[in-house]
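Input: one structure, supplied below.
In this document, chain identifiers A, B and C correspond to the written order of the chains, with residue numbering beginning at 1 in each.
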């Protein structure tokens, strides 16, 4: 039994990461520079679809300060960019080349690479690359008939399907059926830091290095090594500070490969920094789906079946995630509800837009919107409350673990634990739902357009199967935890330090956490899909426990004390049976364990251990989001007056950081609900390529968010009981805002599209008012 | 056309002598020629505010100025907030209140807030939030940034 | 997003600036004042001026003077100057109200009133104010100095009566008499964004009825302008909601809005309706 650790699990301690970041000493990709480096700049397609007839790089190459200019011919030996999880034959032809070969398929696709002494010159030169393109018809709507990706290959390479039960029977026997056509707009993570990649070849040691890596350095190293024909021992990735990931940063993009190939060929480091305009058309898009969905219920509003046919707008190529997001969509749509019969078909469609991939809560932001819209409309159809219909359909806590005959992220869906109804009750009370319903009614009576919204959701995290960590305590008492994790700004180091502190018995400030370094540890899972806190923290816990055991064992010997009377407190092994008895520090124990130490005995040198954690299944945190909104009929603007996120994360290692994740996620979710959209014109030209067009919420647009964080349902799948929190804030925001806005309008089923822009909302209100006047009077 | 200029920039009280083309932005020169990489580039078109520095005490977007324009002015960047090893109240408050996650927007917010509070320590809370809506953050949802700045403002007011 | 190369000129007197501008304007030379609009367009390489004439060092241009019931705003006066109390009376109050809508504080530290007017972006608040108040723009070149009325100055989107070699040295606005009520309403997607539409209204009360109304529309059409039809509704009427509601209807009828991929004509008409009523109702 360890003494209570004030900086261990459950403590809202301040972050270890912060000092360099608040003093301007961070090392983001743009801050990394090497002597003699070249700067790379890409010339990109300004056509959405076309055949490349010719590329003239002569003027670019002739510009003073330009070292070289490449086109596809110069990198013909570089294969198409592989999928992260390995080869998939059927989808292989749709992968992206590092520089366009024969065809361009989206505005922004890389066509040529310029290498110059300085980034200003590189940009001057890129402007001098002239491309002769024969325009081809563009496919901009996934609902249009599929076209040709390449001869013999359709733009609909596959349909993702899942289902079970008797869907036809369910609809035949239904008391009521609701059908909706629901769309989520194209938007994405858009972190404040754009991408960057620096390639360097250390000829002295024959090691190729990629700096500016993120998210999944070990996986990427494997993929890159395979693509470039190198051993993984001869290729290392380095993650420094990362300015937000949100899913979009850290996948393998053409630029990462180009800087590596160039570094090797030129024998000089090659640095590439993405600018904002490029980012908006080059970094992964996400979210755009259109669901034509039907739900059948019985007379009490219980779901009998859901039948969904959706279009997934993938963009110009299939990137590293293959069809994962569409697959996940299929597997997670039912959310927290019982669903006896189900059929879902996801049409995976290529269009001439920037390719899409994962963005925080992928497949869930979309399906939460779709499913919760259906629940609201079903409630209205049956004349029962939106709260009641959800209650009637929730999976009960007693039924956990609850297996669904579905697959998400390659894993069978087994909801491990959760008291959905219990959290709903707590959320409603905390929010003051009943009193707000009364107040909303009063305000409506005096002409205000106000409404309440509700959404329930299940998140997923802790994808395994395995992770490991190494811990070493040095002779100064410093504890180094080496993980294969990654940090995109979420506080990874602090959380791992806290777990180590708790399990080992030290203050978290003595702990240094290593991540994002493939040269420090052979394996790693990085940080994505809210896995790190579950997997890496548990691996750290295992390793820390082993170190503690080793320390106590040696201390017992050195202090001549029974093991049962020893504990580690604040870096010291102390006796628990006497007050102020002899003790020995971990630092001293490390000294005793050095290789040449006479007191080491037969023990392996070092106060160190490696720990591994395996898990059979993902774990499922869950939540409820409640919102109160007011709409301005004169402009169509939506103001969120009150917001609650109720979320059960199993166990919070640092509640302050969990709250930060939820509120930060909420802000992004609100962006997708009201502001953010990648728009294209009919010729495929992207219209949202600046921060003046693509609207990120500012402090004024974000309301105060109340967070009710519970730890009622620990995960069954890991000893720490953790479920992860990275995606719980964003997951249901589209759903809950749509629910509230529709309530404010007072017309069921009217909100079918995100984002809910003022222009769209005003159109809905005006049409409704027009209809109410019988079309007689002009309505503003 | 691209004749370089010799200029001297006063950054955090230090003089930096650089020879640069006039088209080089103040942000790029601060970072690349003067080696102060704490000031970040988030958009290069003046919307996100990550590049905010103080120019004679006022917050400006350094991506919207050319370095040649900043001669003879006093520039302060995030590196200049600490006094020796003592953190500025804003820096301490951002740490205490979890006002940063990835940290990329943080220098911009720190300089924006420092400029605002040093000019007007008695700023109303409403005006404070207005000013903080000048800069973009993608991680925090702003709640803790506002808390941190409020806390630092209170400390700076009481220290007078 | 680095700007293309240019030659840089930093005159220290107005005469010098005019001379240099006369020389470089025909060769793609532009004036650099606040730079908050110009520099982003250069970053996108939508603008690639061969010469920039930086007027920020010309002390005589950094003056705000009040004389003969007129405010004269010099070319280097920043937006941020209007946060202060320098301008008295209803006009000062109006300018202080309007300045809060201009982008964000750090932009206002550098951006200039006259630069905004010369740029003639339809979404510019100062262009709306200048048009509504019947401001006068003074432009100087090697050929001399001239004064241009606002109604002649704004010709189309980002297009004015200025010749390439002319520098706006100041904009003059009338000081509104004491007792004038002013109201301003603008709608944008987020705080600080470009206004999709804006409405400025001023009027006096004489014997309980509206006199000397000015109604200026901005953001919705290619250029800002006074809405005479709406002003005609206001004259001699009581300042009550019924009057303002009728003004809103008329404004929405007479406006000929711009259209873009997000804003239909109908949407902007609706906004103009809303903002007209609000600006009039909130006028103080």
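Quick note on the criterion: a contact is a pair of C-beta atoms (placed from the backbone, for glycine too) under 8 Å apart; a residue touches a chain by one contact, two chains touch by 3 or more.
Treat the numbers as computed from the prediction; the structure is a model and nothing was measured.
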Reference chain A; chain at largest CA-centroid distance:
C
State the pair with the higher C-beta contact count; candidates are A-B and A-C.
A-B
What's the distance between the Cα centroids of chain A and chain B, rounded to whole Å?
29
Between chain A and chain C, what distance separates the C-alpha centroids? Give it in angstrom.
44
Hey, what residues on chain C touch two or more of the other chains?
1-2, 4-5, 44, 191-192
Chain A: positions in contact with at least two other chains
120, 275-276, 690, 692, 698, 700-701
Could you say which residues in chain B touch two or more other chains, in rising order?
21, 23, 44-45, 130, 133-134
Chain B touches which residues of chain C in the complex?
1-8, 10, 35-36, 39-40, 43-44, 50, 52, 54, 56, 80, 100, 104-107, 109-110, 191-192
Could you please specify the touching residues of chain A with respect to chain C in the complex?
119-120, 123-124, 127, 275-277, 634-637, 675, 679, 681, 687, 690, 692, 695, 697-698, 700-701, 757-759, 762-763, 766, 780
For a test of understanding, state which residues of chain B touch chain A in their complex under the given definition.
21, 23-24, 31, 36-45, 47-48, 50, 77-79, 81-82, 87, 91, 94-96, 98, 100-107, 110, 129-130, 132-146
Chain B-facing residues of chain A, complex:
14-15, 17-19, 21-26, 28, 30-31, 120, 189-194, 241-244, 246, 275-276, 488-491, 656-657, 660, 663-668, 690-692, 696, 698-702, 704-705, 729
Considering the complex alone, what residue numbers of chain B touch chain C?
1-3, 5, 21-23, 25, 28, 44-46, 49, 52, 55, 58-61, 63-66, 68-69, 112, 116, 130-131, 133-134
